[in-house]
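Shared chain: chain A. Partners: chain B in the first complex, chain C in the second.
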Partner chain A sequence: MSNDKKNLGAVSRRSLIKGLGAASVLPMVSACGTMTGRGSADARVVVIGGGFGGATAAKYLKRGNPNLDVTLVEPAEVFYTCPFSNLYLGGIREMNEIAHNYDELKDVYGVQVIHQLAQDVDPVAHTVTLGDGTTLIYDKLVMSPGIDFRWNEIEGYDQAAPQYAPHAWQAGEQTRLLRRQLEGMDDGGVFVLVAPDNPFRCPPGPYERASMVAHYFSQHKPNSKVLILDAKDNFSKQGLFTAGWNEFYGNRIEWVGLSGDGRVMRVDAVRREVETEFGTLHQADVLNVVPPQKAGMIAERAGVTDDSGWVPVNPATFAATMADDIYVVGDATIAAPMPKSGFSASSQGKVAAAAIIAEVAGETPPPAYFTNTCYSLIAPDYGISVAAIYKTDSSGEVEVTSSGLSPAEADRSTRALEAQYARGWYEAIAQDTWGTRY
Partner chain B sequence: MRKIQFALLFALSVLLAGAAVADGSGWDRHDAVREAVGDATPQLGQLRMQMPSVSEDGSAVPLEISIDHPMTDGDYIESIRVFATANPNPEVVDFYLTPLMGRAEVSSRVRVNESQTLYAVAHSSSGDVFVASSDVRVTVGGCLMTSDDDIAEFGQPRVAPPRNLAAGQPGEVRTLVTHPMETGLREGPDGELLPRRMIDTLIVEFEGDTVLTVKMHTAVSENPYMRFFMAPETSGNAVFRWTEEESGDTVEEQMAFNLS
Partner chain C sequence: MNNHLPWKSACLTAVLALGVSAGALADSHSADLDHLADEVLAGGCAGCHGTDGALSGLVPAIAGRPAEELEALLLQYKNGEGNPTVMDRIAGGFTDEELTRLAEFFANR
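Let's look at the complex of A and B:
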C-alpha cells in the first residue's frame, strides 16, 4: 500500500516537471502526436466504468498529472458496491451505506463525469460512442467494465430469469430484490445459492453471502436453511468458512461441491427449481443464482477479450495486449493470481494511471506492485481475511511476493478485530475511490 | 538507456509468449509422447484438446479432447492418451474407444502440477496418429487458498445418461465416483508419505460389449469424472465398473438405456 503510494507520488512529480517538455521533444510518442483540438491538455484520457478500478484510475490520473483531460463514463449517478452488499442481505448494513457518488471526482479532482452507457469503442479511430450518440476521442482509454453474465450457460438462466431468481452479483436493485425475497419467505424455507466455477467476481463472495443469510435466518427465521450448490470442489478460505459455519450456524448451512453433485446444469427460475449434473432436483423457496461470467460487454466491443471471454493484459501496466492505448483493469482482466476483487481493481487502476502518466511524459512506467485483501464476515463480529502483495516477475507474469490467511485457531477477540478491520478497510477504500466519508 | 533496453526485452518476451501456438508441435521433445506416437508421422491440427489457458486450481483442470473422425467398425479412433510432461508422472489418462461410442469426444478433470504444455495422442484403427497440445498456466488465486477436507472413500457411483437417445445417435454420458486418488507422492499432516491408493480403470459395457475403457494415472483428479458418448442401436443395459488397483475392489452402477 505505502509502496504503491510512494511510487505514484514520485511519478507524478516527475511528470509535472517533465511532462510538457518530453511531449514536445518527442512528437512521435503514442497517439498524442496525431491528436488535434486537445487544447492545453497533455493528453485526453477517457475512463469507462466508475467502480473501484475506473473511479480510482480517474482520480489518480488527475492527481498525478492535473494537466490531463480526464473524462469518466459511468451510467449510474449512484454506485453501489458489491463488497458489503452481503451485509445488507444479513440486515446489518443499509443500501445508503454502500452507495457512492462522483462529487469528489468532479469537484476536487476536475474529472469530467458523463452519466451515459459506453456503447462502442473504435480502437483504431480512438473513439468511444455513448448511449446518446456522443463520440469521445481519446489518446488513452482506461476500461474498468466489470463483469457480464453468460446467459443460458446454465440452461434456463437467461436475461429474464434474474427477476425471479436474482443473481445480486451486481449490487443495486438485484440486491434489494433478493433481500425482499428473503424477508417474504416463510420460516422453514430453503435458500438455495448456486455458486459458479472459477474464475468469477469475488471468490469468497458466495460463502460470505451464505453466512449473512444464515445470520438473518438465525435472527428472524430460525427453522430456515441455506443450501449451497457449487460447481467446484474447493473454495476461497474454505477451512475458515466451514469452521465458522459450524460454530455459528450448525447444520443451517449445507455445502454440496462438484464431487457431491453440486454443479447445477438447469434452472427453472419461475418455479425456483434447479437440476444438477447427475439429475438431482432441488426446490428452493428463495433461489439465488450466481451465473458463469465474462468481461463486461464493452470490452468485447473494443475487441480486447480473448476466447476465454476475459481480457489479457500486460501486468506491468495493465495495457490490453490486443489493442494499443487501451488499458483494462478490474474483474474483466486475466490477472490471476490476483483475484477479481474491488481491492485488486483499485490497485490495478493505480498501476494503469501511473503507466499512462509516465507514457504521456515519454518515460518508462514505474515497476508495478499490487495489494489485495479479501475480508469476509461470517457473523457481524466474526471476520476472516486473506491478503497478498503482488509484483510482475521477469517473464511479465504476476507473482505473489507475500501473503497471509487468518489463523485457523483464533479466539473470538481476534475474529472481532478482523470484523472491525473489515469495516475500516471498506471505509478507507470508499474514501480513496469516491471520497465517501463515514 | 538501461530502462529502454529493459522495456524492449520485456516487450519481446510478451510477444514470444503470445506467439506460442498449441497445435501439438514440440511433441517429439518428450519421451513419453514420442513413445505413444510410435513410428508413425503424426498429423497435427485435427485432434482438438481444450483446457483453460489459465487455471486457478491445478488439482482439477477441465480437459476435453475431440476429433471429427468416423466411428465405424471399419475405421474408428481406438485410443486417446494424455500426457502432462512437467508432472512427476507424465501419464495422465488413457481412453480406449470403440465404435459403440459413436463420437470421438472425451472429457475429464486432471491434476496439473505446474504451468506446462499437455499433449494428447490419438490412434485410429487404420493406423493414423493425431497429436494435439494445450498450454496451461497454473496459478493459485490469492483468494483461493484451500484446506484439506475429509478424505473421500471409494463409492457413490453416479451416472447421468443421455437425455434423448435415438438408435445409433451419440448421446452424452457423464460419470463420477468418489475416490481419493492418492498418488503416494503426497505427505500427510504428520510428514509421512500417504500410501498410494488409486482407481485403475473405468470400464463401460453395453449388453456385454465393451464401449469404453479408461485407464487412470496419478494425474486424474480426486473423485474421477469422465464424460463421453454412447450410441447404442437398441435399448439395453449399460454397466459402469470402476476397479481399484492393488485391492481389486470394484464399484458398479447399472443403467437401462431406453431408446425413444
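Let's look at the complex of A and C:
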C-alpha cells in the first residue's frame, strides 16, 4: 500500500497550521497517522470513483500540485462511459470505443489507482475501507460515486429484474445485454423504454436512446417500433427531439407522457410487461427500464446524503455540506441548475480539485466556473445540443451566465456539424479525463 | 499572468503570521497557485478542445494560437457571428474581461 512509506522527515506546513489552529477539526492522532502515511507529500487525497468526475479530479489534483499523494479507488479496470453507449445500441459505435483505462493517470500523473470497491467511509476518522479490508487514511476525500437505483420503487423492478429487462443506465454488461436483446428481437416488435421522473442521470439520455434504437430499426427491423413511457410531461431538448423524430422516424417513435398515462407503476421483467398508473398494460418485446435513482451507495455510507437521497454541496467548492473534508462531484450531487452529465461531473471535478489544492496550501479557493455541453444524436449525422456556463460567487450561489439549445430552425449542414462536434466532444473529454486517444 | 489575486496574497500573509518561514513554504508544497484561478476559468474548454486546449481532433485545437486571434474569435462568437454552432452559447457566458483571460491562457499553452 501507498501508506506504508515511513518518511517522517519533513513536518509539512499544513501539519504546523493544523497544530497551531485552536479549532482544528482533525485531531492530532489523525494528523500523526496521516503524517506517517503522507511522507513528504502536502496532503493525502483519496478519490472514490473513476468516472468523469473522479478521474478528472485525480488528474487535476496532480496537475495542480504534484506533491499531493492522490489515490484513486475504482473497481473497474476498464471503464465504459454512459455517454455514447446509445451509439453502441444504434450500431454505430463499438464497446471498445467507449472503453477507458487508468494507465495515463498512473504513468503520467502519478496517481495511485486501486481497483477495489470502496465499501465504507468514516468521516470522523477520515478513513475509507475497501472491499479487501484495506483502510486508507485521507486528509481530503473526493467522491464521484455516480448513481444507484431505487429498487422496487417501480413495483417488480428489483435487483434481479435487469437481467431480463435491462436498465443499461450504467454502461458495460447491461449495455451489451440490451443490444443483444434488440438484435434478437423479431422485426415488427416493440421496444418499450420506461423513462423516470426528474432528477436522473443524463436528462436527454432516454430520448437519444430512443433515437438510436429507432435508427437501428430503420436499418435492420423496419417494421419495429419504439414506445417511450414517461413519468413526466416534459423532457430535455423536447422540441428538437420531436422535430428530429418526425423527420427521420415518423410514427416509429411514440412518446407517452405523464398526463397521457405514461407513468409506469409495475413491471414484470420476465414477461416484459408493464402496467401504468391508470392500469394500461403494455407488452414489450424488448423492455428497457430506466429506474428512479439516488446517489451512489458510498455517499450514503459516508453520511453525506440528505432525505432526497442525493448529496447537498457547497457549489463554490463542491464540498459536501454534511461532512468536513469530503467533496462530492457528479451525478450524486444536488447541483441544479447543472444537469447530471459527464461534462458537469468533469467541470465539478476540476473545481473541487482547485479548492483542495488551495485549501491544502492554506488559501481561499478561486472563483468557480462550470461548463456543460450535452450533445445528442438523433441520427448518425444529425446532432443537437444544449450548452450552459455557470459561475459561483463568493456567497456560494450558482449563476447561469449563458444557456441555450441548438436553434429550432437549422439546415442539415448545421445538424451534421453538431453531430461531428458531438464526436469531437467525446474524443476531447475522453482525452482530458482518462488520456484515451482514438 | 497579469492579474494579481487578492485572495492569494491575503492568505500568504496569514500563513506567514503563523510563524512559518517563507523558505519552508516554498519547500513544502508544489502547487502552482498563480495559475489556479485561470485553470478553473478555462477548465470547461478542455471538454471539447482537450487538456490545455491542445487536442487537434474533430474540434480545432486552441492552444498556442495568438491571444489576439483567440480573443477576436471569442468576441465574434459572443455576438453570434461566424457560424458558431455551440460557441455563441459558450462565449456568451463570459464577460469580455474573462474572454481576454481565456485567450491569454490558451495562447500561453
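In this text, the second predicted complex is superposed on the first by the 398 of 438 C-alpha atoms of A that agree within 3 Å, B and C clash if a C-alpha of one lies under 4 Å from a C-alpha of the other, contacts with A are read in each partner's own complex, and residues count from 1 in each chain.
One rule holds for everything that comes next: a residue touches a chain if its C-beta (ideal position, glycine included) is under 8 Å from a C-beta of that chain, and two chains touch if they have at least 3 such contacts.
Everything numeric here is computed off the predicted structure, so don't read it as measured data.
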Kindly classify A:P66 by the partners it touches after superposition: chain B alone (first), chain C alone (second), both, or neither?
second
Check whether A:D42 is in contact with chain B, with chain C, with both or with neither, and answer first, second, both or neither.
second
State whether A:T414 touches chain B only (first), chain C only (second), both chains, or neither.
second
Just checking: does A:T364 make contact with chain B only, chain C only, both, or neither of them? Give me first, second, both or neither.
both
Counting only touches as set out at the top, which of chain B and chain C does A:A428 meet: first, second, both, neither?
second
Should A:D139 be classified as contacting the first partner (chain B), the second (chain C), both, or neither?
neither
Looking at chain A, does chain C or chain B touch more of its residues?
C
Scan A:K350 for contacts with chain B and chain C and give back first, second, both or neither.
second
Of the partners chain B and chain C, which touch A:S403 in the superposed model: first, second, both, neither?
both
Please work out whether A:P339 is in contact with chain B alone, chain C alone, both, or neither, and reply first, second, both or neither.
first
Which residues of chain A are in contact with chain B in one complex and with chain C in the other?
364, 372, 387-388, 390, 403
Touching residues (chain side chain C, partner chain A) in the complex
5, 7-8, 10-12, 14-15, 18-20, 24-25, 27-33, 36-37, 39-41, 43-51, 55, 57-59, 83, 85-86, 88-94
Given the complex, residues on chain A that touch chain C span 10, 12-14, 16-17, 20, 42, 60, 64-67, 343, 346-347, 350-351, 354, 357-358, 360-364, 366-373, 385, 387-391, 401-404, 406, 414, 417-418, 420-421, 423-425, 427-429, 431-432
Complex contacts: residues of chain B adjacent to chain A
3-4, 6-7, 10, 13-14, 17-18, 52-57, 59-60, 137, 139-147, 149, 152, 158-160, 174, 176, 178, 222-223, 225
Mind pulling up the chain A residues that touch chain B in the complex?
198-199, 202-204, 232-239, 242, 258-259, 261, 277-279, 306, 308, 314, 316, 321, 334, 336-339, 341, 364, 372, 374, 386-388, 390, 395-398, 400, 403, 405, 408
